[in-house]
Amino acid sequence: MEQPINFFSGFSFNDLLFLGEAAGRTILISILSITIGTIFGCLFGWILQVSGTAGAVSVGAFLDIFRSVPLIIQLILFYNFAPMIGLSLDPFASGVIVLSIYAAALVANVARGGIEAVGRPMRRAARSLGMSYWQDMRYVVWPIGLRAVFPAWVGVALGVMKDSALVSVLGYVELLKASQILITRTQEPFIILTVAGAFYFALSYPLSRYSARLEERWSQ
Amino acid sequence: MNFAKLALTGALMSAVAVPAFADKLDDVINNGVLRCGVVLDFPPIGYRDANNEPAGFDVEYCKDLATALEVDHEILPVTWAERLPVIVTNRADVVFGGTSDSLARAKTVGFSIPYAIYYAQAVVGKDTGVKTFEDLKGKRVAAAVGTVPEQEFLKYAKEWGTEDLYQGYQSENEVFLAVAQGKADVGITTNTAVKPIADQYEEIIAGPRMPWTTDYTSVVGPRKDVTWLNYLNLFVTHQVRSGRYQQHWDKFVGGEAPELRIPGVLY
Amino acid sequence: MEYTFHWRPVFRALPDLLDAGLLTLQVAALSMVFGVVFGLGLAIIRLNARGPLLWAASTWIELARNTPALFQLFFFGFGLGAFGWHLSPYAIVLVGLSFNNAGYLAENFRGGFKALPPTQLRAARSLGMTATQAYIRIIIPQVLRIVYHPMTNQMVWAVLMSSLGMLVGFRELSGETQFFASKTFRIFEYFAVTAVIYYVIVKLILAMSRLLAMRLFRY
């Protein structure tokens, strides 16, 4: 006896698991991209700061492209371009690469701001105490600069987490894509969107509050 | 192609080692997996069952092709707009996705002979009073982005000056949802979807047939892989001869499967 | 490389793409106007009001800032549709972007208000101005100057965010590109050209903002 075919079915417990798995993928792709993006972003930020005009026209202009073209289009372009040069990347890998570059472009500005936030007299003082350039970077610039730009970095990181929703256009089933799939099957848009929205909110809100409080405390 | 690009390509090629001139049929057999792109918001041809697993006529076709090749199958869910890029970017070997064999698309991908035949039909909100195609004038009409119905309808809309009332959605299910919610008065879809949709929603009833031609849909493969496309042609005829075509059609759509002929054409 | 580019069809579509670019600019600019008006309102409420009004303003701001823009668009589309509220694709994008802009700008404005010494308001009042007059003629112009740079950034964001319109059926620049690309599925070629158009739009906005700043803020 064959089961009756059912094209639509209501929202069930299974679907919560489906959403939960997808939420896990959102977190995974976000953490990966933010980490890689931050490492490269700091590197680029440092290059921008030390190289002056030459860096601004080369590295700066390059990174600027990623801030001037919508992320969704960057994703589509990269995803369609990679196979042309023989790279067979799945949606996840493509998403991580594009999001990381995007994050790096945003972090670079933050990092440069952090280095510049440390006043010249302070750095000269550090050097005159006999610190090497790298000691100065490590023991003076890093702690002070980090304080200055940590809230901005949290903003960028949360932005990348929210923007990871766009990887859904490549078919990667993260939280928003999963909710879309469920909406088309169960036809319950309101409940499902509320669950998805609540999840993003629960992830982002505490962190943004925390960084706002830090900012207030440090600025006093 | 300039030198830098050539060098880059060469470097990447050697890094990834792409089998340059192997034919697709060999590749699939040797890989042991057939990767099928399937549109899953096209009930009853492609949809997700209650466990969110792919199901439908197209999914069965993928399985049958994999069986014929004696390989495993892998379903790659794609949207209407993604179904040809997955071939171009070699993420799928074949697409079963109700793809009309338009000449414009054939510039980018390769088509088999028709494997299923549809025609475009509307689903309408039950209070809209739409009976004939002419009634669509001045109504809010919805269709899925990147489909033939979208492009055909927009030609009429342009004539009527009602392009502003057209709504394009990412998926066919969103079109149905829009009509059910009353965001749109009319949704253009495929005849096979009309009955299940009208059964599903109280607010939706079957609407008129669209005036443009029958939709001959083909299996899609890479454009330059003619040997693979030949194999797909043979597969399509074997599905009919073995009775699988009628069997799947009956299971998912119901009734007599349409004859796969283009009247007046020898092919 | 086995892929052969087809550029000619893209260049034939260029006039239509540029028209769609104007639509992108239009919806982004309108969403900024609404964003500034509502953002100012939200900031003033958040600084001065209590009770349900404060709660409502905070909820708006936090939701706008802590959920993805795409989620917000979906919500204004099918989410509201579940209650029988229907917005056209244009309205979904306009309302969604305005909602988002207002949330982000409100926080910028709040910072701007806080940066002004409170004596300014008192001085204005002591000159016989009503509170509304003082706000409109003294406080808000100064706040707008303080937040001019963040506002420019938000305008750029609005242009970039409007590209999400393609996912809710709005044929702005990205949606139009998708429409053309779906005829032949030459995705890369079409979107590459569109990326250039976005880049130019963003650079034009930044250049205009700089020119405007020079005229407005001459010291």
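Here are a few things to note about the model shown:
As written, the chains take the letters A, B and C, and residue 1 is the first residue of each chain.
Going forward, contacts are C-beta pairs under 8 Å (C-beta built on N, C-alpha and C of every residue); 3 or more make two chains touch, one makes a residue touch a chain.
As the structure is a prediction and not an experimental result, all values here were calculated from the model.
Steps from chain A to chain B, minimised over paths through touching chains, total 1. The interface with the greater count of contacting C-beta pairs, when A-C is set against B-C, is A-C.
Ranking all chains by how far their C-alpha centres lie from the centre of chain A, first place goes to B.
For the pair chain B and chain C, the distance between C-alpha centroids works out to 36 Å. Between the Cα centres of chain A and chain C there is a gap of 20 Å.
Chain A has residues 80, 83-86, 180, 183, 189 in contact with two or more other chains. Touching two or more other chains at once are residues 1-3, 78, 81-82, 166-167, 187 of chain C.
For chain B, the set of residues touching two or more other chains reads 9, 85, 88, 174, 177.
Listing the residues of chain A that touch chain C in their complex gives 65, 68-74, 76-77, 80-81, 83-86, 158, 162-163, 165-166, 168-169, 176, 179-180, 183, 188-190, 193-194, 196-197, 200-201, 204-205, 208.
Those residues of chain A that touch chain B in the shared complex are 5-9, 12, 14-15, 18, 79-80, 82-88, 90, 171, 180-185, 187, 189. Residue ranges on chain B touching chain A, taken from their complex, read 8-9, 12-13, 16, 18, 41, 43-44, 47-52, 55, 76-79, 82, 85, 88-91, 171, 173-174, 176-177, 180, 196, 200-201, 251-252. Note for the complex: chain C touches chain A at residues 1-3, 62-63, 65-71, 74-75, 78-79, 81-83, 156, 160-161, 163-164, 166-167, 174, 187-188, 191-192, 194-195, 198-199, 202-203. The touching residues of chain B, counted against chain C in their complex, run 1, 5, 9, 80-81, 84-85, 88, 102, 104-105, 107-109, 142, 145-147, 150-151, 167-170, 174, 177-178, 181-183, 224.
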